[in-house]
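One chain, chain A, appears in both complexes that follow, with chain B as partner in the first and chain C in the second.
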Partner chain A sequence: MSLLKEPPPGVTVDVDQAHTKLTEWVVHMEGAPGTLYEGEKFQLQFKFSPKYPFDSPEVIFVGENIPIHPHIYSNGHICLSILTEDWSPALSVQAICLSIISMLSSCKEKKRPPDNSYYVKTCSANPKKTKWWYHDDTV
Partner chain B sequence: MQSDEEYLYDCDSGNESSGDDVGLEFGLEGEPGGGGGCVGAGKYKETEDYPYEVLSTEEITTHMIECIKEVNSVVNIPITTTRILLNHFKWDKEKLMERFYDGDQEKLFLEAHVISPYKGSMKSQKVPVKTSNGMEECEICFLNMPSAMMTGIECGHRFCTGCWTEYLTTKIIDEGMGQTISCAAHACSILVDDQTVMRLITDSKVRLKYQHLITKSFVECNRLLRWCPYPDCNYAIKVQYPETRPVMCKCRNVFCFNCGENWHDPVKCHLLRRWIKKCDDDSETSNWIAANTKECPKCKVTIEKDGGCNHMVCKNQSCKADFCWVCLGPWEPHGSSWYSCNRYDEFEAKQARDAQEKSRAALQRYLFYCNRYMNHMQSLKFENKLYSAVKEKMEEMQQHNMSWIEVQFLKKAVDILCECRQTLMFTYVFAYYLRKNNQSVIFEENQKDVESATETLSEYLERDITQENLADIKQKVQDKYRYCDQRRRKLLEHVHEGYEKDWWDYTEI
Partner chain C sequence: MATAGPNSSSSDSRSESSNNTSGGAEGEEETPDNSNFECNICLDTAKDAVISMCGHLFCWPCLHQWLETRPNNQTCPVCKAAISREKVIPLYGRGSGNQQDPRDKLPPRPPGQRTEPEPQNGFMPGFGFGEGGGFQFHFGIGAFPFGIFTTFNNWGAGTGGVPPEMERELPQLLQYILLIMAFFFYWNLFFG
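And then the complex of A and B:
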């Protein structure tokens, strides 16, 4: 996989974990230098259904540090269109990581989404069950 | 013999061509069963000058192809493109033509997510990812394939046929998409045409589902077509102009073309929708709670008083507050000398009572109309029973020296009874939203008149028939049903006149 050979800067796959269970990956990610998240470390969890790549993977932030970002909820759910309705089988784990890094990098103010507390209380554990409403392309 | 599953599918898809290869190209050249020609003038049914026809699924397909052909004879672009364009304009031919000739064509193609047929294919412009040995890499499965195994649509994105098939199957079966499946490449919104889909999908189940989805969306987005809402009915109604009118399907179901509900004259579609929503949601439950309960002043649990004593002890185990039902104050002082429950706090008490009165009144009003509406609905449901009872009676009467033709009035009476009940049922929805004025009083008088006549007719029909009263009963029933029918028409006319002259005011509930 090209992700192992030429990953985007600051991204590594937890190979040992992926070996034990091929359908669940953890990807380590570092905040890009020169952005609000510089020096921070995050973990992304990928879950692949048997229909992957025709069905999108389930992607959430896990671990201690969930980035504070207007499109990322405190439970790790990410509001990103390519993870649901704009998914294409031609996208890869690498492309998703790149999208997320760029989403983090373009952030100008660290804050949670305005409906964070309500959403976190009421949402399903699987972010793909949420009907996302994509309206803000600026960050 | 087909397997059960296949059989099921065939049934489900109505009359669409089954799995073989005539396929969804919907044989533009060699039309499957296309001889049926659905626009024969003789097929139009006239109902008070509102012409419409009933189409089977096969006729819908034929009609769809005719639409495409008609446009194609003018615009002369690939048939698959015409289909996508038409779908984009919700099958409104005129709109498409207008945009095609008046506006910016490039913009039109862009909006409809197709590649302009006038541009050279972009296939040549994109360089496929080629490896040294003349193989191409599929961007989905990352396998190297000979070029013959790779395919794509006009946008130039190429994937292996296996991935395409899998992709399309997922979209069709899991996501129920038909005409709106776009290219598998990321951020490419170019739509996959039906010929490509039918070429790539070989599984007959998926093909049928695709055809089914296309027909379904054709009917649903076309303002001149509507599926008959009756369960398991596969017919659609085609009109010449959309309007709030009753139409009757081949399955004998009569419904409103505009909203698809049972024919609901005199009430208008939007009020009926509001009513149905109100009956479905629980708004009146909360109204009942507001009207009949109080909250514990300490823990706010809802309490319904079921005994005479005003000393309330909250049953909530973690609360157990003692309080007075009347003043909601703590119970303690009520036994002692500084008892103040009888001292009237004018303002607070009035507010509380007003709020409760309001809820109560609203509830009463709703229940009044709802009960009557439901009652007629219930009576209508017994119609089948009544028809068979009346049939028995008709046979009995024929044994009492009456001819077949002479006893037909009974069936006619039941027909009219049902019509009256149906109309009455919806008059209560209309009345619920109606604000009182002079005309509404006249309406209520009319309603009362039809209702009492209908109930009398209903009674006559359930009465025993004996030799002695036979002629007598016939006379009575006939007089009554003629009266009912006449009054029902008058009532509707009056409401319609009101629509024209703007008499009706609606409440905001």
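And then the complex of A and C:
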């Protein structure tokens, strides 16, 4: 549980929530200082399948504030390769949080993905059913 | 995070999903020394330990399961180096009595396969890849214009167009008639 002892900056786990249902976690996250998301608060929802850690968790943004970012859809789905094809069982929740914070922090301009409205209308509720196309590693 | 004491470490969801919970890590404080010998997958003390050429330690059952998960793309979970059954080294500590190669032991029982049923009503019935597509297909073969018609209806379904339920209630007879008409249409086109 190094996530509880030494989480990435601005990250806390909703422990009570996780105790009621071990397979669903909510992680609170704050935008890193000095970035476009400074001072903003976000919630990430993790769902772990019975095959975890051999299968990646389902990770989406939930709550009122979904970050406006070129790789984050307005329904909370995140386009991030380690959440599907680049998943490794050695990755931890801590590592995922750090990746997402890093993705937010390197953003230069707040905007939704270009296909946001189409995707949000047609996608499954589970982002892991989307065939993601990872082509932009600059943000 | 300050509310959680070290006791909560036993509630890590990973230790539930793995079978090898024989390690006595519960209750005692984890020391840095112990964590050096933890499996990189289940985070317990490595059991039937093997080490990859890139130096990463795993339980053989854990690593075996990972290699089975992606048989065509076998990479080290830690550093993504190429890895294979033949290129891992079993570790024999003094304590382990019978020094049988862990790789020769029976692989762990494969977990039961259970797939979630597809949700029946997605955002747009008939538009997704799986559910509801069959109906559209039925029309599209016979009469081309009707294929367009149904597609447009499905497009509008989310914003209050013709609800797809109505289409589904079209009499079976009408469908047959359309099909037969289309058949003769093409028949005339090709052989007439």
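Assume the second predicted complex is superposed on the first by the 139 of 139 C-alpha atoms of A that agree within 3 Å, B and C clash if a C-alpha of one lies under 4 Å from a C-alpha of the other, contacts with A are read in each partner's own complex, and residues count from 1 in each chain.
Note that contacts are C-beta pairs under 8 Å (C-beta built on N, C-alpha and C of every residue); 3 or more make two chains touch, one makes a residue touch a chain.
Since the structure is predicted, the reported quantities are computational estimates derived from the model, not experimental observations.
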Practice problem: Please tell me, clash or fit, for chain B and chain C sharing chain A in the overlay. | Solution: clash
Quiz item: Who does A:114 touch here: chain B (first), chain C (second), both, or neither?
Solution: neither
Practice problem: Please indicate which partner A:82 is in contact with in the superposed arrangement: first for chain B, second for chain C, both, or neither. | Solution: first
Self-check item: Touching partner for A:124 - first (chain B), second (chain C), both, neither
Solution: second
Quiz item: First (chain B), second (chain C), both or neither: which does A:34 touch?
Solution: neither
Exercise. Could you tell me if A:95 is touching chain B, chain C, both of them or neither one (first, second, both, neither)?
Key: first
Practice problem: Tell me which partner A:53 touches in the superposition: chain B (first), chain C (second), both or neither. | Solution: both
Quiz item: Given the superposition on chain A, which partner contacts more residues in chain A: chain B or chain C?
Solution: C
Quiz item: Both chain B and chain C contact which residues of chain A?
Solution: 51, 53-55, 88-91
Quiz item: chain A touches which residues of chain B in the complex?
Solution: 139-141, 157, 159, 163, 166-167, 170, 174, 184-188
Practice problem: Within their complex, state which residues of chain C touch chain A. | Solution: 1, 3-4, 8-9, 11-14, 16-17, 40-42, 56, 62, 65-66, 69, 75, 77-78, 80, 111, 114, 119, 122-124, 127-128, 158
Quiz prompt | Residues on chain A engaged by chain C in the complex (per definition of touch) | solution = 1, 4-5, 7, 12-13, 15, 19, 22-23, 48, 50-55, 88-91, 121-125
Quiz item: Considering the complex alone, what residue numbers of chain A touch chain B?
Solution: 51, 53-55, 82, 86, 88-91, 95
